[in-house]
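Each of the two complexes below includes subunit A, the first together with subunit B, the second together with subunit C.
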Partner chain A sequence: MMAFIVKYAAFSRISVAQARRERGELYGRIVFFAVILGVFSSLWRAVAEAGMPVAADPKTLVWYLAATEWIVLSAPPIHLDIQEAIRRGDVVYRLGRPASYVIGEFAASLGLLAARAPLLGLTAFLCAFAFTRWIPPLGALAIVVPFGLAAAALMTGLHLWIGLLAFWLEDVSPVYWVWQKLMFVLGGLMMPLELYPQFIQKAAAFTPFPVMLADPASFVVWNRLVTPGALARSLVIWCCATAIAVWWTFRRATSALTINGG
Partner chain B sequence: MQAAVELHQVSKSFRVRRARGAGFTARVFDLLGPETQTVLAVDRLSFSIAPGERVAFIGPNGAGKSTTLKMLAGILRPDAGDVRVLGFVPSRQRHQLAFQIGTVFGQRSQLWYQLPPRDTFALLGRVYEIDGREHKRRIDALTSVFELGTLVDTPVRHLSLGERMRCEIVASLLHSPRMLFLDEPTIGLDVSAKAAIRELLRSESERQGVTLLLTSHDTGDMERVCKRAIVIHRGQLLWDGPIAALRRSYLKAKRVTVWTEAEHLELTLPGVRVLSSGSYRTELEIALEITPLGQVVDAALRQAAIRDMAIEDAPLDEVIRALYANADTGSASS
Partner chain C sequence: MAAKSLAFARALIATNLKAALALRGAFVIQVVFMLLNNGTFFVFWWALMHQVSALRGWRLGDIQLLFGVVAAGFGLAVTVAGGVRHLGRFIEEGDLDTLLTQPRSVLVYALGVRSQPSGFGDLLSGMLFIAWSGQVSWRMVPIVLAVILASALVFVASGIVFFSLAFWLGRVETLARQLWELLITFSLYPEPLFGGMLRLALFTILPAGFVGYLPARVVHAPSLLHVSLLAVGAGTYLALAVLVFDRGLRRYASGSRFSTFG
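For the complex of A and B:
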């Protein structure tokens, strides 16, 4: 077990080193994050000032968005790396090593997640505070952080699964495009799911999207969509389902493997 | 002694999509019910390689070389036949085999692009479960042999192709593999980088007794690194033997260049083709089975004094081209 941990921790470590060298991407995400929060805080304030009905307190909506965007931006787009490795054929190196390809890729992504999440979390906190002049109860934030990280790890696993589809599709961007739209609609990326029509909330309950976004983010403001225990259970179930899907897809992919150039 | 590589009647085919056409309707049909066809990449291939041998694995594009290499590395599973590498069945014992083999794919990279090679070497040390002290010793030794110097601490994106390839080979040798599979290791390199890589591969194989299986389209790689050639065509074995014998078997002609006192030579001997003549220099191709070299020289001397003469084999490229052409003619006639 120790050897297993040491082996795959090396993937995480090199990924952290790579993230340090590619600071531009992280800075880009931070700027994007600040802009998004600025735009939406202005929007909610303008809506409230215009006397239009806002389903929730604009301040809480900004903090909710800060939490969901923190999760989304922290999860590395591993599907792009896998797609590129398959297109270029570099995947042959990784498949031929005495290490599991999927665990290695996942461990590398977790390293990237660990490198990004703290800075993006700090950005979320500072920007949300700057735009609302309000801080949610610290107890609520203390629950959001571990659940947010677990949700980002689950999202990374699902990105890995999307990436594996490149063994057949070569270009997984259409799949990821649909995935992003589903995150908006079924995950409650911009607004809490409670504000959505009832039928969307019911449909969302059968998908992993609320577990990754709406449920952990809701602790910031309401703490009433789901209890921490129920969310932990749901996360475990969806992590297991994702692991099975990744394992099955990878087995199918390697048995049908035709690598570029032979 | 157990063979390093043993293939017996190995076959591998792929199912590939076949487009119905370029029109809109054809594309819709392709989307709804794609048509596929089976491509036989490797067809009942058999050969074996002894430990420590350096073998060139040759074939035209699409001959099945890379597919064979990937079956030997355990990345692809053969449809039929037996494969053994260092006593392991690659498709079933890929994990155990991976500790014993190294792979270098010239057009691919295993180095992390933004990081210095040393970081990738550290990762590989963990992946191959190499003891820390031994790993450091190995890095130092290979860095010295491959003259990497400060390159190991330079980000890969700043390395030239030749420097990167040296680092790729070092990465593949870190775990002291007993067998090294090389797929076009000198592709895209300049003349001096090619020469350096060839020399390093040959000397490393001689020093450590590493078995090499090298695929390349560059005959220089084959001649300078390997002693034996296995030629495949359309997935089937076409030739297996020493490279020198390959030349002897297929070279029925010599190229002779003669510098004479006369401006032109007029040679009309059977089996002798004048490739160019003028400016006191005549280039001939002589079919030795028809006319021995001595007769040609006598005939030339009867016309003019010879100042100098160069006799060459046709390039190995031509030998291999002739081999493929023979195979194509054979398959067409059958």
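For the complex of A and C:
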């Protein structure tokens, strides 16, 4: 077991080192994050002026968005790398190595996540404070951080699964677009699920999206959708389901793989 | 010269269209998924505007119109001039070498050398959103088409400027992509959310105003002043983009590469 951990931790270490060298994308995400929070703090002020009939304070809604966006932006878009590796045929060279391709990619992505999450978290905190002049109870933030990191790891696993679809699809972008937008709505990315119609809330309950976004972020809002124990249980269940889906998809893909050339 | 460039651009568009339709399955998937993507994204506005009747004077129909104009303008831009998103890489990797030897405008060739099939989905969904907004009649169709064209021109012009920074700064792919995404992000939210210096910036350095707000205003309430402003704005941005690209091209260093486009 120890050898297994040491082997895949090396993938993470390499990817952390790469992320530290290539900071352009991270800085871009930080700017984008700040802009989105600015836009939405203005939007929620306008909504409050219009008399939104929900007991949601614009300040808490900005912090809610800071938490959900932090999770989304921290998860690396690994599906793009996997798609490129499959398109170019690089994946073939990786299959023969004494390390699982899928676990290696996941470990590398966790390394990227570890490099990104602290800076993006700091951005979320500073920007949300700058726009609201308010900080949620520190106890709530202390719950959001570990659950947010676990949710971002689950999201990374699901990105990995989307990337593996490139074995059958030429371009996985369309799948990712729809997946991303479903996450926006069913996960309650931009506003809490309670503000959506009942049928959307009911549909969301059957997906992993609320577990990844709305549930962890709801700890900073006025009402908590779940208890920490229930959220931990849901995260474990969805992590297991994702691991099984990734394992099964990769097994199907490699069994049908035709390797040409030399 | 302009007539020749126009005929050349027409030929490039026709070639790209044929290439896209050759892979009919992939083309249909991209278009359909983009339609779903845009429709799902709009669920947020639909849910929000059922909570409040208006946001600083903007109703759901106004937001639909804005969203439609931006989606259609973006779709037209990336369908006809999809190369704009690759311009930074062409410059940085010396891929313009092949184009420089051709007896045609380098910029027109670089823009038209790629087309994004999903752009058709954006264009189609944009038109559906405009029709659904309830703010246009059949008599308005020529105006709608003209504002979509103006929006697309500003999108392309902005892209040329952002990605041409590679002539001076080298590797700017991430930065330019982020600027382009910021332009899209700002243009999708109602204008009254932004005030002061930010609104000035949105009509100058990051021309979301000319991509969405002003075209939507022209459709909503056509006036000679707004039409003139839009025409002058789009023309100015295009002229500026051509100027920036031409200036940059003088600094371009060959990649000494042998490659082909097509």
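As a convention for this text, the second predicted complex is superposed on the first by the 251 of 262 C-alpha atoms of A that agree within 3 Å, B and C clash if a C-alpha of one lies under 4 Å from a C-alpha of the other, contacts with A are read in each partner's own complex, and residues count from 1 in each chain.
We adopt the following convention: contacts are C-beta pairs under 8 Å (C-beta built on N, C-alpha and C of every residue); 3 or more make two chains touch, one makes a residue touch a chain.
It should be emphasised that the depicted structure is a prediction, and the values quoted were computed from it without experimental measurement.
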item	value
Side-by-side fit of subunit B and subunit C on subunit A, or clash	fit
Angle, in degrees and to the nearest 10, that opens at subunit A between the C-alpha centres of subunit B and subunit C	80
Touched partner set for A:87, first subunit B, second subunit C, both or neither	neither
First (subunit B), second (subunit C), both or neither touched by A:251	neither
First, second, both or neither for A:25, with subunit B first and subunit C second	second
Which superposed partner A:36 touches (first subunit B, second subunit C, both, neither)	second
Minimum C-alpha separation between subunit B and subunit C after superposing on chain A, in Å	5
Residues of subunit A at both interfaces, subunit B in one complex, subunit C in the other	none
Subunit A contact footprint on subunit C (complex, rising order)	23, 26, 29-30, 32-34, 36-37, 40-41, 43-44, 47-48, 50-56, 118, 171, 174-175, 177-178, 181-182, 185-186, 189-190, 192-194
Residues of subunit B that touch subunit A when the two form their complex	14, 16, 41, 64-67, 69-70, 73-77, 94-96, 98-99, 101, 103, 105, 107-110, 112, 114-115, 119-120, 122-123, 125-129, 155
Residues of subunit A touching subunit C in the complex	24-25, 28, 31-32, 35-36, 39, 42-43, 46-47, 49-54, 169-171, 173-175, 177-178, 180-182, 184-185, 190-191, 195-197, 200
Subunit A residues touching subunit B - in the complex, by the definition given at the top	3, 6-7, 9-11, 13-14, 17-18, 21-22, 88-90, 92-99, 104, 254-255, 257-259, 261-262
